[in-house]
C-alpha cells in the first residue's frame, strides 16, 4: 500500500473512527439519573444491558420511528431506481430523452431542504395544489388532510426521491456507454422482444452493478436525513434521526446518552436497509433469470399492453418530478415576495419586498461564511486528491480497491459521527470556528471530489503523457502542462460538486460551529418553525442560489475558457 | 562515428511466454521496418525502446543510442521521439504552442527567436501563418504534418513510428508517407517503423524485419 | 511541577474577579469587549431589534454585541454543560443567554451561572421588584440575582372574528366548542414551549375547578407521587378533544408561528400565543387579517418574565452586564414595546416611562386586535419548572409515539 493510499485512509478513516466511537461510547457508560447521581449498580462487563438502551427501547414510538426511517431508506432508492430505469428504457436516449436528462442536472444544485420546502408549499392542505382544486371546486376553507408529515412517510419519500432520482439518472447516464446498450437492445429485438422490455431485460442488469455504490449512498442518506425529515417527515413520532438530534442538543445528560444509544440504532437501521436491499437484489436477479428462461414473448396482445404500460410510466415519472420541482421553486419565488397570501388565493394578494430586505440585511455574515468554508474545503479536497492521484500514477503501484473505501463516509449516517467529532472538538478545547467547520465540510466533500478526479485520471488517454515525455517534458511539466489542462473539465466538475455539497450541509455546520458559524443553510433551517411562508421562501431561494450559480459556472466555464479550442469541448 | 540506434539481444516476454527476440541496428538517416500481425508485440517493442515498458512485461537485452546505453535512462531524457497513429496535437494549445512544446531551450535564445523557429517550421510544411489556429480546425493531413514537425523541433536522436499512416485514407497516406520519409532522411536521425502495411515498408526503403 | 504553578498563576491573572458593585469599573472594563448573546433566532423582528441594540451598544459603550441565533434555547444550555464537562472554565461560547424557567433551574443547580449580579445594575430598580415579585422569580424559582429581567409575556388566545363570533373563554367551553366545530383548533407539539404552556394552563384550570388541592402550594413545589392523580383530569380532557383537533391530532404544528400561519390560512379559527402584542404586530406585518381579535380566559392565563443570565465561563462578563442594563433602560424597553412587529411587554413599571412614552403606550393598548388591559391583568403564576418537564414527559409517553 503506497503512502498516498495510507494517507487517504488516514484522512477519511480517522475522523470516521473517532467520531463514531465518541458518539456511540456514552451509550455504554454509567447512566446518570435525573437527580444527577450515578447508577453505580450498572456494570457493562457483567453482561448487563446498558441503561441507555433500556431507556431507548422504552421510549414511546421508538419502533415506529425506526421503521419509518427504514421504510424511507428502502422506498426512496427503489422509487428513484424504478423511475430512472423505466425512463431510460422508454426514451432509449432519443432526443426528448437527452433533453430531459439535461434538464435534470440543475436539480442536483438545489439543496435538499429547499426542495423539501418547495414540495411542502405545493402539496400541503394550504398548498398550491389545494388552492388550484379550490378554485375549481369552490372551496373556501382548506381541507383537513394529512399528507406532508404523515406517519407513513410518503411525503418524505417523495421529497427525497425528487432529488435522488436526478442524481441516480446522471450517474446511470455516465455509466451507460460502457454497457453497449444499443447493441444489446437490437439483439433482443431481433429475438422478438419489444424495445422497452428489451432494454429492461438486457441493459438494466448490466447497468445496475455500475450504479450500485451510489444507490447504497442514497439508502443510507434517506434512512438518516435530518433536515428533510424535519420538514416532510412525521412528527408523531418523528423519524429516528430527528429524535436523535433532539436528544443530542437537549441539556440533560441522560438525553445525551439516549442520543448515543439512538445513534447505534440508527447505524443498525441503515445497515439493515442495506442488507434488505441486497436480499432484494438476489430476488430480482432470480426473477430476471426466470423471465429470461421463459423465452421470447409469444402472446402478442398481453405483451403489447405490458410494453405500452411500461413505456407510458417511464415517460411520465421523471418529467413529472421535474415539473414538481419547477412548480415548487416558482411557488417559493411567489412566497418570497408575498405580503399576504391567504387561502384560497392562487397568487399572493399583496406583494412586498419586506422579506428580501429583511434577509439581505442579515445575510452578509452567513454568506461570507458559506462561501469561505466552501472554498476552503473544496480547495483542500482538490489539492489532496491531486497529490494522491498523481502519486499513485507515478509510483505505478496501481490503485487498490479504493472506490469502495471512499464510499465509507457516505455509508455511515452523518448524524452518527458528526456529533462524535463535536465531542472530540470540545474535549480538545478546539473552539468552534470557521476553520473547524471547513474541516468538517472537507470530510464530506472529499469522497465526491476524489472520485470525480479519479475517473478523470482513468479516462485520460495515456498517450498524451507518453507524448509529452518523448518531447522532453519533465514529470512536473507533464502534470502542469498536459494533465491539468486536459482534465480541466473534470476539475471544474469536481469543484462544482464539492462547492454544492458544502453549501448545502447543515448538520456539520450546526454542530461543529456551535451556532457561531452561521451559513445560509443554517439560517434557512432555523426559520423552519417561523411559520412564515415569505421568510421560508426567501431563505430557501437564497440557499439554492449559490449552488445553482456554481452549477451554471461549471457549465459555462469550459465553454468560455476553451472557446477557441474545439478539441477540448 | 554516430552508430545510430542499436538493439542488442533484446527479448520481450509477458510472464513466461516470450513475445519476441531481436537484434538490429539503424544508422542515422535510415529507416528500419518491423512487420508483423497484431499481438506480436510490435508496440511493446517501441514502448521498450522509448522507456515506457509496462509492468506486465519483462525485457532483456540492451538499447544503445549513439553508443550510449539507455537502459537506466528515464524516458524523458532519452531524446527518442514517438509518432502515433493519431496526430495527437494537444487540443488545449494552439498550433504554434504545440510546436513549441518540445522545443529545446538554446542558451541565450530570446522568445522572439523561438517564435521565429516555429514560424520557419510552419513555413516548411506549407502552413505559414497557421500558428494561432486551433488544432481541431486542421485537416487530417495538416495535423500529421504538424505532429511530425513538432517531433523534429524537439531534436530527437532517434524516432519511433507506431503505424503512423494507418488512420489516413488512401490518397492522403501516399502523400504523408512520402513527406514523412523525405523529412526523416533530411533530418538524418535513425528511425524505427512498426507497421503491418507492406507499402509503408517499401516506402521506408530500409531493412525489413518480420516478427 | 513548576509548569503547573505557572499555569495556575497565569490563570489567576487571567480571571480578573468581577466586582459587580463597582459599576464605573465594569463600564471601563466592558469597553472593547465582544459579547455573544445566545437567543432564539426564529423571530426576524426580534433579530432586527437586537441588531439595533447592537448598533447602540457599539456606539454608546464600545461593546460589540453579537446575536447568536439559536433554533432552540436548550441548545445553548447543552452547549454550556458540554463546555463544563470538557473543563472549559474561561472561554465559554456564550456571554449572555436568554433563558426561561426550566433551563434556568438546570443551570443554577449545576452552578454554571455567574452571579449574583442582577440587582447591582443601575436600571434594576426601574422594574419595581418589590411590587412585582415575579421580577425575582423564574417559574417559581428564586433568581437570587443570577438573572436579570428582560421582557414579560402572557398567554393570550386569538381568533378570526369573521368566522367565530363568541370564542370559548374557559377550558370547559373550549371542549364543548371543539366537539361542535371539529378541526378548528390545535396546539404546538410538546416539548415546544407554547404547547406545554397550554397543558399547564388547562391543568391549572381543571384542577382549580375540581378543587383537588390548594393551587398555590401545589404548583409552587415540584410534582411528587400524586402527579398521576393530579394530572388525571388533564389527560382525560386531552383524550376527549384530540379527535376534534386539526388533522385529528395525528400531526401537531411545531411552533406558535406555524399555529398563527394556520389561522391566517383559515385552517383553524382559534389559536394562542405567549405574547400580548402578537395580534397587533402580526396584523401590521400582514400575517394576520385585521379582523383578528385577542383575549384572555376568564380565570386568567399564565404569565411570566423572560430573563437573561451570564454563564460562569463567559469571557466578557462586564460587557454582558452593561448590555443587560441597557436592555432594562426605558429607551430600549419603550422601543421594544412600541415596535409593532415585536411581541413583548415591557418589564419596567409604567411610571418609569416618560409622560410622552406613557401616552404612546396607552394609545397602543387601544389598537385593533390588542388585548384589553383589564383582561391582561388576570395573570396566573407559572408553576415550578419541574412541572414542565414532567408534563412534557407524560405527554410524550402518551401521545408522542403516535397511534
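Observations, loosely collected:
Think of it as A, B and C in the order they're written, each chain with its own count starting at 1.
By definition in this document, contacts are C-beta pairs under 8 Å (C-beta built on N, C-alpha and C of every residue); 3 or more make two chains touch, one makes a residue touch a chain.
Note that the coordinates shown come from a computational prediction; the quantities given were computed from them, not determined experimentally.
Taken as a contact graph, the chains are arranged in an open line, each linked only to its neighbours along the path. The interface with the largest number of contacting C-beta pairs joins chains A-C. With every chain reduced to the mean of its CA atoms, the largest distance from chain B is reached by C. Per-chain CA centroids place chain A at a distance of 49 Å from chain B. With centres taken as mean Cα positions, chain C sits 37 Å from chain A.
Between chain B and chain C, the centres computed from C-alpha atoms are 82 Å apart.
Residues of chain A touching chain B in their complex: 396, 463-464, 466-475, 481-482, 485-486, 488, 562, 564-568. Contact residues on chain B toward chain A in their complex (touch as defined above): 50-52, 55, 75-76, 79-82, 84, 86, 88-93, 101-102, 104, 134-137, 150-151, 154, 156.
Chain A meets chain C in the complex at residues 36, 59-62, 64, 125-126, 140-142, 144-146, 149-151, 234-237, 248-253, 256, 339-340, 342-343, 350, 352, 354, 358, 361-362, 423, 426-427, 429, 431-432, 510, 514-516, 518, 523, 525-533, 535. Of all residues in chain C, only 36, 38, 41-44, 47-48, 51, 68-72, 74-79, 81-83, 85-88, 91, 93, 103, 106, 109, 183, 189, 246-248, 250-262, 264-267, 285-287, 289, 396-403 touch chain A in the complex they form.
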